[in-house]
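Chain nomenclature is as follows: A, B, C, D, E and F, assigned in order of appearance, with residue numbering initiated at 1 for each chain independently.
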């Protein structure tokens, strides 16, 4: 790990030149995989994420089936080479938790009643990581679901907000995350339905409010980009 | 099928109650169940606490042993937090390696301890780069009647507050008290029919779409949050939940942690 | 591990003041858990044991079902903090063997034909260990079964006997077990049906006889305490 | 269902036989099957023995390698005993990590070796706290026709008696003989219809409610016992089993172990 | 059942096509699909390459870190090759530890790299017996449309050719280029209806009884072969396959590997 | 590991005195296990191999069943004590691959249609290893199948060929394998149906041809020995 930079904010700008309320550049490609029913490749700064959706499809093992609706599964996984120090392949406790909260974040928008007894499987592969992989993964997964034609009540948009040298800042990148004082990823169905909220670090209750409002603004911007990507592909918002 | 219809009716009933400000067990929406905290029961452990919230029961043991630091933090002690949802505690818990529920529980409690600064890890260095104290926080669930997370988090900080540094056993002088700098308290709120309820019982927890746990430090600041469940919350609900939980956390800390301080 | 005490027996008394044929203090609480169908908390000296019974209940996975009777499962587990050196969570070879012999010890008294296709699950958690956890676990499990209303032919009572500085002694505690020359746990349905018998160490055949007879006396005392605990709770012996 | 009726009839038949002092394979109740012990077959191992008891066949290999001692016994060698019930040996054995049957088998044999003092572990220290001999006893079951435990235990002690210390391979002088101080022998007795039978064949083992294995040292003392099965034994039966087994153990030791001594 | 009849008909159709020298996707029997190789995409890795063969897509990352050598090769670096067939890439891939398909894939690629001498392991020694470079080759399959092995092998050598030695990160001077001495290329041939086809697409791969992968060095010699599938090949077919594959390997190497050299 | 011998070939002879095209001594015993449906013990030089076949028998778990034919499973396993340095019990990546290619090598001769929904299970235990265990295992498995009366189109015969000090040599033993330049195991249904072909090391295309032709000759010799062993046992070639 590199040493902590002396300052994370210089003259109101962040190490990568961003303003406090500025997202990193985002690139979205829809429908990039052949085998998956829906897919999305997404870059958020240095993060490179591939998401795929399979479904509706048969459930194995059978006893997991639900009689009146589809089950939704979500697997967040990091490629071994996606981080500085090679990661052992396979799930660890962190990825199990992220898979769980991401599933909780995405599931509310899926109209599960359309596919009784079936499964909708969401796979997110982190090809390169630079802080914010879970939020980037949720954004990509949301688009991949639309690409797969899974009926949804809306898109889920996600981003994080951090506290950096005492300031609230949108979408922390790796150094800001490592050396910052707080990190809070949220996911939202625009305009105001929160489906993910995690926080660790230190926020006064006032700081929390400021951060939370900023994060919601970030989600709104991301939502717009998600929409545009789907319109560019389909002419409309992910309708089949 | 009948079973699921009964469940549906029961759920509707509980939602209706909630809308009227009532709960199945007769509590007010913002009423916590009775809490009890007993410390020091496990003499084999350096610290321990048995927490009961209503019928929910969690036994937390803290073991402290010397070990090697991580290469990138050679001057810091190590915290390892683990939750065991043993099948003795609930018909739905199974044997085997921890599943996502146990992992999430352990990680949320872990972040609360860590981020609150409850343990100053540099205090736990014995010899830089060579030997540090490893603090194992093992949360053993004995009876699961809802809201495990608040019980486990309370048990963890109570067990830490009560733990000794076993210097004698390792020929490093007299035993000391594990220094604890903050007393984070987790309080969980669930949403039901548009209303917010403190401290969900098992049945409430099973039907609620969304749960929010907030961990507060002594000074009222927040060191951790975790939303779970597949429901959605409005900003308004989140702000309200924080307010409800904030007061309760202060009360719990005062009653069960500070009197020992 | 502490060093071996110079003598384990001084003037005919043991380190904790007990006589050679004396059990450690026993405390029994019946029905202490809400979720379990039956439960028992038991202390034997420094041992602290929680036992729970679930059942009769459905068998998963299904292929383990038996058409004409219940299957019985037994899981002995030690909490990580129950021993001096923290134990890694999960089963190890020792706990697998103890689970097996404990199940063999308890199963003969359960009237399995009452519940075809069902399971009776017994869980024993060692919260603190001080030699004798398997016997204490069997005693607690036996009471938890009665508390759960599982039909039984009798109670199983269990205790160990050891050889300490050349003397046969009832119910060895940790130091006696660590530095003793033999250890023999037995379980019995009073008056004379042995359901568990293990031994390791060194016994002449005469010593074995002496030890075995002493262990049976111990079981008789434990049986009396088990009965009293159930009577205190139910008025009668575990009848529903 | 028919299958289980046939099994029931067969069982009754065998019980009736036992009551009359007879067995399905024509043996007397106290008659052991033929035993054969071949040692040294696996030259890759430091010691080895193939034991047959009737059709039951176990191959035991002993590997001896330098390794680190356990921290709490810095001056002692290490014994690691493992049993593999590979699916080649029986239609009921499955691939995968050892199940409770294999674990129990290994642990009973292990305790017999250990508690009998067959290996003086302090003899196996090379450099205190740094390097000791690790003795791996691997019991590979090839054909399971009942009474694996006696076969495995006999194979283990025969392989140890036959093992060399591979000093040369590790540049520590000439190869030596692994010093073996006692010759524990396990003998198993089962109960059937109130009678006791020595050395159960597979079919007997499958229907017997209770099995008792006793491990005897050279001087006739006992270094291990293990009751298994869900049956109950009376004190009288236990005393009688020890007597039956004690004589047999002496005979087996004399015939298959001491002649090599 | 219908499904399997349809599959049978489809299979017959493809066999008939092959006999006439045609393929379902219109390719000639000896025609490879379009290949693309992009390197350096993953800046977090020391080397990386994304290979596409038609719709098949594999991302290979190479991580290089210091570590301990194996005791029996104290002066040699270590190669660790791993393939992840993540469930994102195909409806038939499942989560969990690598299954035999992933293991075979990794091991064949590994042998090609190793046996071709592509990496001179003695060049990767930092301090004999103490510290060497560990080269992790991780092959992450993203889209499985047949012939993963050629794609993975090509990705592996392309990523290695493109990798740097991260000396700076470990305070060992300037970053260097990982020295690559040969450029092994794997080419796969399948048999169908007596004919041989280069570069099987997914559907072809699923119905072919036998597949042969051959790995060629720069000088045309062979560093690895692997037949898979439950079909049988004649000597004649094997010789012919080698000839077909040999030419193609040269072409691929020239186009996608040597231009970077 | 011992040091490399200075020369692997001296005056046209190999370290163990063999000629370049000479197999190691082979010993075959048919039907050596009681419980298995078919079995074979085989020695190839210092290799000691036990193979057993169970089947046709029921398939567990059920979903692996195939409606119109038997499934074939093959497990290659090394005993912990079979190699110089003790091997940890259980499968590793090498044994998983060997099991797979061996199954591929054997399966083509089994007439699977005779046993719909059933399994044929082949187990190969390496009791002592000295290079060539997979080929020896296939040879033994092939005989065990015949011994079990499984209908087959022919026997599979297998051997390896290596490059040793620049020379092509049949059936390399351990030192030749460790210090040789190439190793190529093949399996064949005589006269010319190749069912296994693996190679690693370095062969020019000419060397490959020479090696391949030599390997086929080796397989023919082995086939003859397999036949003789079955005739010795059954009078005919494994027909029951």
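In the analysis below, contacts are C-beta pairs under 8 Å (C-beta built on N, C-alpha and C of every residue); 3 or more make two chains touch, one makes a residue touch a chain.
The shown structure was predicted, so the numbers you read here are calculated from the model rather than taken from an experiment.
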{"item": "Subunit A to subunit D, fewest steps along touching chains", "value": "3"}
{"item": "Steps needed, at fewest, to go from subunit B to subunit E via touching chains", "value": "2"}
{"item": "Reference subunit C; chain at largest CA-centroid distance", "value": "E"}
{"item": "Candidate from D-F, E-F or B-C with the same interface as A-B, over half of contact pairs in common", "value": "E-F"}
{"item": "Whole-Å separation of chain centres (CA-atom averages), subunit C against subunit D", "value": "26"}
{"item": "Interchain centroid distance [CA atoms averaged], subunit C/subunit E, Å", "value": "58"}
{"item": "Gap in Å, rounded to a whole number, between the CA centres of subunit C and subunit A", "value": "51"}
{"item": "Centroid distance [mean C-alpha coordinates] between subunit E and subunit A, Å", "value": "32"}
{"item": "Subunit E: positions in contact with at least two other chains", "value": "98"}
{"item": "For subunit C, residues that touch 2 or more chains besides their own", "value": "none"}
{"item": "Chain-level touch network, classified as line, ring, star, complete or other", "value": "ring"}
{"item": "Ring topology as an ordered chain list, initiated at subunit D and continued via subunit F", "value": "D, F, E, A, B, C"}
{"item": "Interfacial residue positions of subunit A with respect to subunit E in the complex", "value": "33-36, 46, 48, 50-52, 54, 57, 75, 77, 79-86, 89-91, 121, 123-125, 127-130"}
{"item": "Subunit E-touching residues of subunit F, taken from the complex the two chains share", "value": "1, 93-94, 96-97, 99-101, 103-104, 107-108, 182, 184, 189, 192-205, 208-209, 212, 216"}
{"item": "Subunit B residues within the subunit A interface of the complex", "value": "1, 4, 72, 98, 100, 103-104, 106-107, 111, 114-116, 209, 212, 217, 220-235, 238-239, 242, 246"}
{"item": "Subunit D to subunit F touching residues, read off their complex", "value": "41-45, 48, 55, 57, 59, 61-63, 65, 82, 84, 86-91, 95, 97-98, 136, 138, 140, 142-145"}
